[in-house]
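In the part that follows, the structures are each spelled out as structure tokens.
Two complexes follow with subunit A in common, the first pairing it with subunit B and the second with subunit C.
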Partner chain A sequence: MKFKRLFALLSAVALAGTALAKDIELLNVSYDPTRELYVDYNAAFAKYWKAKTGDTVSIKQSHGGSGKQARSVIDGLRADVVTLALAGDIDPISEVARLIPADWQKRLPHNASPYTSTIVFLVRKGNPKAIKDWDDLAKPGVAVITPNPKTSGGARWNYLAAWEFAKRKLGGDEQAKGFVAKLLKNVPVLDSGARGATTTFVQRGIGDVLISWENEAYLALKEFGADKFEIVTPSLSILAEPPVAVVEKVAKKKGTLAVATAYLEYLYSAEGQDIAGKHFYRPIDPKAAAKYAGQFAPIQLFTIDEAFGGWSKAQKIHFADGGTFDQIYLKQ
Partner chain B sequence: MKPLNSAARTALFTALAAVSLTASLPAQTASAGDLDALREQIRQLDQKLRVLERNSELKEEAAVAASKKQPKLTVGDNRIEVVSADGANSLRLRALVQADARFYLDSATTGPGQNPANAQDGFLLRRARLIFEGKFNDNLQYTVVPEFGGTLQILDANVNAVVTPGFQIRVGRFKTPIGLEQLQSDPVAFFNERSIATNLTPNRDVGIQVWGELLDKRLSYAVGVFNGVLENGNSPTTSANTEGDFTTVGRLFATPFVNDKDSALKGLGFGIASGIGNSNGVATNTYKSDGQQDFFAYTSTTSAGRSLTVSPQAYYYTGPLGILAEYVSVTNELTRGTNTRQVTNTAYNLSAGYVLTGEDASYTGVSPRSSFKPSADTWGAFEVVGRVAQLDVDNDVFKGGTPLALSATNASKVTAYGAGLNWYLSKAVRANFDVTQNKFDFQGARPTSGILSDDELVFSTRFQVSF
Partner chain C sequence: MSTRSARSILPGFGLSLGFTIAYLSLIVLLPLSAVFLKTSGMTWAEFVAAVSSPFVISAYKVSFFASLAAASVNAVFGLIVAWVLVRYTFPAKKIVDALVDLPFALPTAVAGIALTTIYAQTGWIGRWLAPYDIKIAYTPIGVFIALTFIGLPFVVRTLQPVIEELEPELEEASATLGASRFQTVFRVILPQLTPALIAGTAMAFARSLGEYGSVVFIGANLPMKTQIVPHVIYEKLEQYDYRGATAIATVMLVTSFVLLLLINLLQKWSRRYNKI
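Right, the complex of A and B next:
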């Protein structure tokens, strides 16, 4: 038999084998407080994708501290997409592991952040320690719960929000450093992620105040009751822009690139934005943003670019080995 | 540190409060301010305790998470395995050792001196293999099997890329997908030796195969291109495709009821396999009896053109009963000097087994419910097996001035009967006791001496360790 015919035969079998694969599985590696958001969103996307293509897509979720999750992807966790807490956690997946193109933030609208959030305080009902703003967190006798910035993206937003508040109020970086040192001295437990910190504060009953993602604070209120906790909105906070990206190298290998891309693009759809709003994220679509604006208290927000020159710079100065966090925390 | 439960915590605080009250207010009633101070003191102690508990909890969580990142070593009765923390990479070590004894009970002689022709009575190490299996990145599997029994050789060495379960690509040296019993793993076959029908199927070859399971495991397929070997032969690993052409092999095997748990036909499988190729100048192989004696060998004959193998095949397993059947037809163009002929040899095999102790029989073997342990009054599993098989050599091979094989020294047809008892001492250890008779027919007169001077009757035993 001629080899060409054999090759044609094998190719035909190969195509047949591939054509039969109609079930698709994606892995979304995300950060801690997005569990509930993506449970709803995954169901909506699966329905949309089934109607559009006839294929059944199931999405597995993995959650943890954002930095820790990024490390897992770099170390080989086969994520099709990452939906992490900050761009600084996706950058190393691109730069170190080269699993994501360098221009990943330009591949989706709004710097690849389909929703935003900010940082607020969750306190116990009646606010017994009278916490109103950031400077109350550094007072003696106030126990503050915030996760570890080395492993948690949310904790890094917390840290930077506190830093910028102090810098503006006290006059400079040195003063800000002193303020953050005082605040960290009040932290009795350092969880590895935001969900763990919420557990510490809400379920284990530790601390007077939880520095929290806005959506996580509202979720805690909804889940555990407004009779037990209340939200305090500080005078100033940071605009958190959790970004998303397709892990292209992995998705290409798994043959899921198209569906993974569609999965993230659908976050920008009317349905995707509405689901984000329902889960107390701030939608970027004006219509959805207007619909859910009433559920958030007014707050003055600054961006990381304005205050710190972007994530890359902030990461280097504050959270890299030997950065300000290490300088403060290792001393304590 | 183990976190305290709420009852323990309450008891502790009560005790602390009592101690505080006793210490600070020995002889007077506490004022409201004192009580507030005490409440605050207790609150602070409560917080300290909670913090200690939570930190302990986090430490435990971190330890568990760290342990999950460690590779896992598993030592069991079917493998020794090291698996990476994420499960994507592994190395599994298995082994197969078969220690046999054979006793020839027939009267074959060498002739005038009347010496027994069957001089092979004795013990032998039939197979001694280390089996290395594993995977990289979850979907790249590999197998390397060195054979230490008999000729030292690499038996299997291949890589299997799993694109999907329905589409996999295997490259290297492995079993050619034709013979049903040949494809069955060595340690789980009904008898010590495969049936004489296996003489007509190729053994291991070097090539590439696309294969997989479709329709929720109801249909398996394999299509491969190999260097090509004649029946009962192995492709060498040391040279390329010397005769210059490839052999194409295809196999379809259906198990239509495999997912119907309650169906009586759940264990039914049937299919067909075929191989076709061209070769010139490749030496033919001998055919062996159940007692592993040569009953047929071509004389200075080599391949001279097309080879076609066709094998319809089926098995049926239900409860303790297992039946395996196959038919093989091989058509070869062969030459010896000026005598070139197309000859067709055929064979069939019908084997059955019944597990007396009630365990389920299957194509992949029997798993005993208990192991041999007299002190616990457990004896493992027992299976009786029976077989009838026949191999018929084309009469044309004995024709012509320079026949391809000599009728005076070769059987033209062999009918084999066998019965046996398999004792599964554990999942990994099995002892077999087989009696087989091979009845030889000839084109002319039966040889008066040599192994074919009488029908073969063999009692063979095997002690096998396979994990």
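Right, the complex of A and C next:
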């Protein structure tokens, strides 16, 4: 009896609380190079949400290799939203842990990718090894820095971009494998994430060229000075679509579903798109895209669906145990 | 008489043994049995395939040999450090003594980053080696250096109390009886230190086998070259291959346990052998 009354009292207090302005906390679990983007975006969203609802929302960020981040969420990290490097890392959260509905990529526009990016090269000032395109990376005497594709989402985009380039130029998958093998022979360090690879290249002075996210390359240029590095845009590269999703099961439990959904939707707004462009992501909104078009070099892009038949297929053929990546290292 | 000698002055054997078993079960046995449980879901063929792929075999070798080399170096230099710290007095001895514990206290990732910063070709030491084409960071030598750093305190801290117990009179007796300095060191001092030296080296070795944090920074993590076993386990987890990861962990666990058991036996034997 006493317990019941206490319970009623508590729920009354809780209900009263919802009527007033709330303090909400969201956790955004993201991948390596988005730190700076989301610091800016979180501030903008908090302001927008305060103006709209009066609630104060504070967003915590967690960053790391995309695969590792996905695994933390599967293992119980209570993320409200995930903003990862590739759909292949959000799929397991949906398939293995069932925290996200299976049709998550249809719930937000543009395959749930509010911004896109691609893969470019960062070289040392003056480009001493005269690196112009993918074939220069497989030449003997060039040290290439790229992370481990088994642990890094970015590295998987790098690997597939190199593969497709060679396939188109040399004629087939067998030739492409030989080309990627030669390229990997030039890799002295396999970091586990994109940010680690950038550190190895920029701060440790290892390597002649860093295969990198476009936004990460521009960020390195901005942070460490254009007098030390240059960006080289290859003739062909992959269209990287880093997707976002609400971790519905967790958000529902925490009661943050509405704000978490709004958080991701606002990425598609004029302001969200502008922030993405400012951080060297390619906005999908035509207006923002036009505004920032000048900062990116022209490049021919292909999608993973047209070249590799989607993530799950590419994952199985190239990066799973016994895939082409393992085969290449076995032969060395 | 016989019952009296078996009785301890302090009561409470039953209680403290019960507590010991419960505590060890909770802290050590429970998580370890989870590893075995997860692995037991695999068929034998799956298990063998997971733990004997060429990548894993190569990683066993890297882990084993780098740890062995690091432990051996620590056995020699740790012995010297321990000897100096016990037998001599010099200024700032307390500080030097505290320095030995630093690898214990420092987060291993910090150690790894610090070592990489020093030994990379832009670092303080790496810079001077680069012109001669000597590379340390991102090679097996880097892995070895990180493991040496991690293992040092185990050897020193195990030896120190034993050296403190040594009686200098024995050395004096040996000298007055006409033994050379060489004979005094190798026939009088070292035999007494052997059990502790083996124990310390073994602990350093076992610790190195499991080391992850520092090696991932200074080693290049290249499959078939510098990848260590803990990194293979991490890589498997990243691929959502939980069973494969625990299978390799099981092999590591059993190996380490057998090794430690062997070393305990060896220690016992050497203690008996040297007791004359």
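Keep this in mind: the second predicted complex is superposed on the first by the 310 of 332 C-alpha atoms of A that agree within 3 Å, B and C clash if a C-alpha of one lies under 4 Å from a C-alpha of the other, contacts with A are read in each partner's own complex, and residues count from 1 in each chain.
One rule holds in what follows: a contact is a pair of C-beta atoms (placed from the backbone, for glycine too) under 8 Å apart; a residue touches a chain by one contact, two chains touch by 3 or more.
Since we're looking at a predicted model, the values are computed, not measured.
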**Study point:** Touched partner set for A:D321, first subunit B, second subunit C, both or neither
**Key:** second
Exercise for review: Applying the touch criterion given at the start, work out whether A:T256 contacts subunit B, subunit C, both or neither, answering first, second, both or neither.
Suggested key: neither
Practice item. Pick one for A:A143: touches subunit B only (first), subunit C only (second), both, or neither. Key: first
Review point. So, does A:S113 touch the first partner subunit B, the second partner subunit C, both, or neither?
Key: neither
Check your understanding: Who does A:V96 touch here: subunit B (first), subunit C (second), both, or neither?
Key -> second
Check your understanding: Which partner does A:L77 contact after superposing on A: first (subunit B), second (subunit C), both, neither?
Key -> first
Exercise for review: For A:V189, decide between first (touching subunit B), second (touching subunit C), both and neither.
Suggested key: both
Exercise for review: Considering only touches as defined above, state whether A:Q69 meets subunit B (first), subunit C (second), both or neither.
Suggested key: neither
Review point. Residue overlap on subunit A between the subunit B contact set and the subunit C contact set?
Key: 188-189, 191-192, 204-206
**Study point:** Touch list for subunit A against partner subunit B, complex
**Key:** 1, 3, 6, 9-10, 13-14, 17-18, 20-21, 76-78, 143, 188-189, 191-192, 196, 200, 204-207
Study note, to complete from the structure: Residue positions on subunit B within touch of subunit A in the complex are 47, 50-51, 53-55, 58, 62, 86, 88, 138, 163-164, 166-167, 208, 210, 212, 214, 221, 223, 225, 246, 248, 276-277
Study note, to complete from the structure: Touching subunit C in the complex, subunit A uses residues 65, 67-68, 71, 74, 92, 96, 148, 150-151, 187-192, 203-206, 319-321, 326, 329-330, 332
Review point. Quick one: in the complex, what on subunit C touches subunit A?
Key: 53-55, 116-117, 120-123, 137-138, 216, 220-224, 234-235, 237-241, 244
